[in-house]
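Got some structures for you, see below.
Across the two complexes that follow, subunit A remains constant while its partner is subunit B and subsequently subunit C.
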Partner chain A sequence: MDLSVFVQLLLPGLTTGCVYALVALGFVLCANVSGVVNFAQGEYVMLGGVVAAFASSQGIALPLAVGLAVLVGGCLGALQERLTLAPVRHAPDFIQITITLGVAVVLRGVALIAFGKDPLSMPGFSGDGVFEIGGAVVALQSLWVWGATALMLAGMFWFLMFTDPGRAVRACSINLQAARLMGVDAERLTLFVFVVAGATAALAGVVVTPIVLANWDAGIAYGLKGFVGAILGSFRSPLVAVLGGLGIGVLESFAAGYVSSGYKDAMVYGVLLAYLLIRGGVFVFGRAALLAR
Partner chain B sequence: MKNAAALASFCILVVLYPWIIRGTYPLGVGIITGALAAGTVGFVLLLGYAHQLALGQAGFCMVGGYASALLCVNHKWDPLAALLVGAAAAMAIAWLVATPILKLRGFVLAMASLALHLILVVVAFETPFTGGALGTYGIPKFGLFGLHLASDLAYYYVVWTIVLAFVGIGLAVDRSRIGRALKAIAASETAALSTGMDIRRYKVQMFVLSAGMASVCGSLAVHYLRAMDPNVFGFAFSLNFITAVIVGGLMTVWGGVVGAALITGLRELLRGLSLPLWEGVIMGALTVIVLIAFRRGFAGFLSLLYDRLFGRQETPRVALVEPDVSALRPIANAATLEVRGAARSFGNLRAVNGVSFTVAAGSVTALIGPNGAGKTTLFNLVCGYQPLDAGEVTLDARRIETLLPNQIAALGVGRTFQNLQLFDNMNVLDNVICGGHRHLWGESTGREKARAALAFVGLQGAASLMPGELAFGHQRLVEIARALALEPRLLLMDEPASGLNDSETERLAELTLRIAALGITVLLVEHDMRLVMGLADHVVVMHHGEKIADGAPDAIRRDRAVIEAYLGIEEHAAA
Partner chain C sequence: MRRTFLLAVVAAFALGALPAHAQQEFKIGVIASMSGGFTGPAKDTIDGWQAWQKAHGLPGKKIVVETLDDETNPVSASNAFRRIASDPSINLIYLFIPSNSVMAVKSLASEFKVPIIAGGAADAIGVPADPWLFKVAPAVRDFMTVLTQYAQKKGYKRIASINAADAFGQAEITNLKALAPKTGLQVVAAETFGVEDTNFNAQLTRIRAAKPDLIYNGAAGRAAILTYRAFQQMGFKQPLVVTQAAIGKAFFEALGSPAAADGLMTPMQSGVFGGAAAADSKLYAEMEKALGRTPVYFNTFGFDVGLITEYAVKNSDGSRQGLRDALERIKDLPAVNGPVTYTKEDHTGQNYRSIIMGQLKSGKPVPAN
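Right after this comes the complex of A and B.
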């Protein structure tokens, strides 16, 4: 196997993997605090991308465009939580989850109407140059993606480990009910994680746009691939979710490079399906299944 | 009654539509609506009954669409045969995917079905035999038994006849024990397990059924479109399913039909107004608004309207009456329960630590102990709600410690819950009918048995009330009646007296003795010493997860260890 080809596939894989990792993290945070799997998670990535690309195409300075996209992501996260989830907090789970799907469809639809069918492009933050590493040629923008992701992950780690609301989030992931009984203000915390998840997903969407373009219908793929990461961490472990997301990005890139680019999505989703079938079927028997649920 | 009204309106509308609104375009819309309705009827069973969201339902439409397209074009198959083969394939795939995946929690099936759909799309694009991105053309018109349906009008009626058949299947499911079980599962999975219902099995069945109907939807659509390519049934089509079912109404299969009509109408309207881009926003917004504001959807609204117009009278409230002690017949096969070395830890806490005891057939055995003694954990180990770390549990010498709660219930082990677990979405009689789930009784037998169980506890007058309309003590009795309808050989009661006042407790004691008189073995977990001492033949005492005494009530009353556990050493010495 040629090492330079390997690196050439690995690094771009890590770049898209960063996006999936942040989506997966958003899934895990929202699910732990609110008990809801937010199917709109991937749409925030898409929105961040199209908003920033559109803003910069209108001549708005880059930092402002980025800030605007993140602001949009955070505000929409807050709106989603307040308008569509808070009123149905006590409804059955499947109702709440279906509502998040409806929100995802609205967000896609709005992006389509507002920004049109065509993919939007955006110049790299430090130009559209490339750099060479280990025989592979990588877009300069990848450095921004990695840096932004590392920064967000570090921030999230600090938040979860060393702040009171962060500890509350972790408590919720261990036992939601007990955490609420201990005085965790679930209402405020839920709003907070939706804002954070929306904003981080939007930022991920912005930094990756110079490499992959921003398109109104990209949200499903981001959501589904991030979901794979979240599932790997059983919707509990943020760390496994992040690693899972990165892994999916790399797997996708290898599948495209070594097998066929047409089949890359099928392979990633195939891995998801196979994983689920194995987790559900092959090693879980009898009463132990009760605990796994 | 309501179904008859719905059926009549359905038939009139379907038959007259092509004659009122003439033209090839409206007729085409009618056919497409019908094809969609065939799929959405199944989707109601999945989302509304089994509470499972599937984001990739259009994947099964693809299976049907390609089966019809490829078999009819390349192999000159009869369209009906191709349709059936497609449906069978879709159902087989659904079964293979759902059986393991529905063991997992967290709406995994939703994403798994989306993944499956997207894989199918990629395969359809990439493989040559599907025709790739260009697709397959020249699909013949539909035919029945070699007879080609040349006119679209004939095809329209065929499509809607199939829809009617699917509605019939849906209504039959609704009325069957499976439908009742799904409602019970929706209300309380814990209680559903206690009546022997296999939750996963029914959810898998609904997924499989809905997949078959979605496949038929795909087949019917391509025989009208006459072409099939990977984009015909995309993600947007899955969303159509979801929106249709939610706007139409989740609570009845009629909602699927109404929703299909509304969604197709809306789409054609937007197309007419040249606003096709708005489809997504409007569909999504409708989904969200209906789910928040009126969860029963348009069919639910119609049903409400019907009740308003032809309203039924209020059922009179009936208080507790004298129980009919002869309503249930004695049993001859009471079970013996044996627990040997049962252990269960939570982290460092040994909740149950090597406990052994026997509940003799036909006896009333009480399991007592101070708060935190491990009684409820032990109870859950016996019923299968938690796995054992060590030890064994046998029912008539048969090992049951690895069985699931519903499997244990199916062996004739009934239970009640400390915190009431009634199905609050159905009336008292239906609650009790659910208790007999394991027997595969027909509807009338089940009803009869349930009425007998209600009479036995003295609640025959409350049959048509909702559980929430009853006093707390009476709700307890409903739960006991439900457990009795299971015709148990062993009845486990978890703190049945908690929350009851003195006279209710007394009545409960009488009822327990009557149950024992039927020959049923009873295991009681209780706090109330007076109740226990008056009732039990045999008492097992637990403290800090271990058994400290085991014997007849009189002996237990004098046992030093028991007195110490309950009163503490010093207090005892002072007394």
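Right after this comes the complex of A and C.
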């Protein structure tokens, strides 16, 4: 296959990967501060999309629709933390994680009832046109997805590296107990991170909706692939999680294009499996040695 | 105590409860997707069936309906079926649920021995035949038969197909591969996708590289919209045939207007075209009048379910066994979409004779030339 085919597979893969990357980032941030894997993360992408598309269909101007969706994402993130996680902060991890699964189901159900079962569309921010690059045809909206992702990642980098709350998040990721002893208000920080994660995922959902539509059941797929990205980052490194998310988007596109569309998901999860086995040391120490530990 | 009982009897007479029982009851259990992804088709089916009840019904009988929601979920469908089929007063069961849920119920059908009239297009619903389960709509092989016959008529030699990685999609591609050689067609690309997928560029790139004369797209729902957009964005010029399930309000809304899909082709059951194109234009007119609006596909399906019920009740003693036997005797029963036939070996109902290749024109299907 020639270069144009390569580019045709790469660029849309990157677009999808941007959403996975932002979901993965949300997973990592929440896990670092609260110690909880928030399985509702993908649902915020879905909610951002359906809220913005619905608002847009009601004649609300695009910037307002986008702002509304981000606000809803942030507020729901806060509500999730305050109402469902804060009361059980000292409960075992599996209870807290199960609660996030329950929240995901509730959010899906509410979206179905509120916005209906049909996919919602939204016009592209700069029209529904396409552009050609390297012989490949790409939707104009992809530029918005890439731009918004780059902007959010840059903002997140600045936040984590150059602000006090960001440093506190990093401190929590290194040692939550020690960070608390040093005066970090982990409870308040958890609330803040859930708001940021919800709003970021919602924005990702908004920018990608003109390309992929918004549907009440779309959150699961984003959540799962973002989760894989977060695993690649060991739920610790935001950078690796983002790269993992981007990589998964590109990998599934290449797998479908160069191997077979039927093996797309098998390859993505196969890579995850191989990564976990390698990381677990099964190829270095051998299975028997690991079992004996 | 005795006085209370007498009062209750008097009250029952006063409320008219007893005259209602003067008519013989015919109790139908309905398992329908009242929530989840199949809600729209299920609701349309019920509307169509109610139109039949209004236009025909069962003279001399009072139809009593008990409905359970399967939540578009095969496990819930099985549970709902067990509950309804266990009720000895149920004469007949309708399944207005997707193919995979019908298949889940099929494995239980003979256990309860209640005649079932089911929706769903998967071939395996009707063949091999379960003695108690009767499908209505044509099978996937019938739609693929019409597609390959159309390709042959137009002189196309190379066909590409993109299908969902589910039972229905795989049945489509299996049938297409089996039927294509008989009409001089070569399947040059057979791509798959997951129903949750949002990026179809890889599949379409492979299809473009295969240089087909005709493309079949088996996507429904969101995938149908996204693939259609991707075909347009990537500049495909080949004629595109989509599955009947792809066409609907959401499809047109997402494209901007019904006219945006002009020229798109789809094999459809003849009832969808209405008027003279319907297999039985008299029945179609009755349905349209009772419905009070232009019917959509699943309305016609619901009406046909009613017609099949009507035949079975008229030609049996009304018992479960009697209804089942009457259903299996149906041969070329006139219906809106096309004649219905069952044999001991084949419980499919309608076949390729009820399908016409259609083409969209301002959102309305017209027979393709």
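Assume the second predicted complex is superposed on the first by the 269 of 293 C-alpha atoms of A that agree within 3 Å, B and C clash if a C-alpha of one lies under 4 Å from a C-alpha of the other, contacts with A are read in each partner's own complex, and residues count from 1 in each chain.
Going forward, a contact is a pair of C-beta atoms (placed from the backbone, for glycine too) under 8 Å apart; a residue touches a chain by one contact, two chains touch by 3 or more.
Bear in mind the structure is a predicted one, so any value in this text is a computation, not a measurement.
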| item | value |
| --- | --- |
| First, second, both or neither for A:G262, with subunit B first and subunit C second | both |
| Touched partner set for A:D118, first subunit B, second subunit C, both or neither | second |
| Which superposed partner A:V137 touches (first subunit B, second subunit C, both, neither) | second |
| Which of subunit B and subunit C A:H90 touches, first, second, both or neither | neither |
| Residues of subunit A touched, compared between subunit B and subunit C (which is higher) | B |
| Which superposed partner A:V212 touches (first subunit B, second subunit C, both, neither) | second |
| Which superposed partner A:Q8 touches (first subunit B, second subunit C, both, neither) | second |
| Those residues of subunit A which subunit B touches in one complex and subunit C touches in the other | 112, 220, 260, 262, 265 |
| Contact footprint of subunit B on subunit A as seen in their complex | 31, 37, 39, 84, 87-88, 91-95, 97-99, 101-110, 112-113, 220, 224, 227, 231, 235, 260, 262-263, 265-266, 269-270, 272-273, 276-282, 284, 286-293 |
| In the complex, subunit A residues that touch subunit C | 1, 5, 8-9, 12-13, 15-16, 112, 117-119, 121, 130, 137, 139, 208, 211-213, 215, 217-218, 220-221, 249, 252-257, 260-262, 264-265 |
| In the complex with subunit A, residue positions of subunit C that touch it | 35-37, 39-40, 165, 191-194, 196-199, 201-203, 205-206, 209, 221-222, 225-226, 233-235, 248-250, 253-254 |
| Interfacial residue positions of subunit B with respect to subunit A in the complex | 47, 51-53, 55, 97, 99-108, 110-112, 114-116, 118-119, 122-123, 125-126, 186, 235, 239, 242-243, 246, 277-288, 291-292, 295, 384-387, 401-404 |
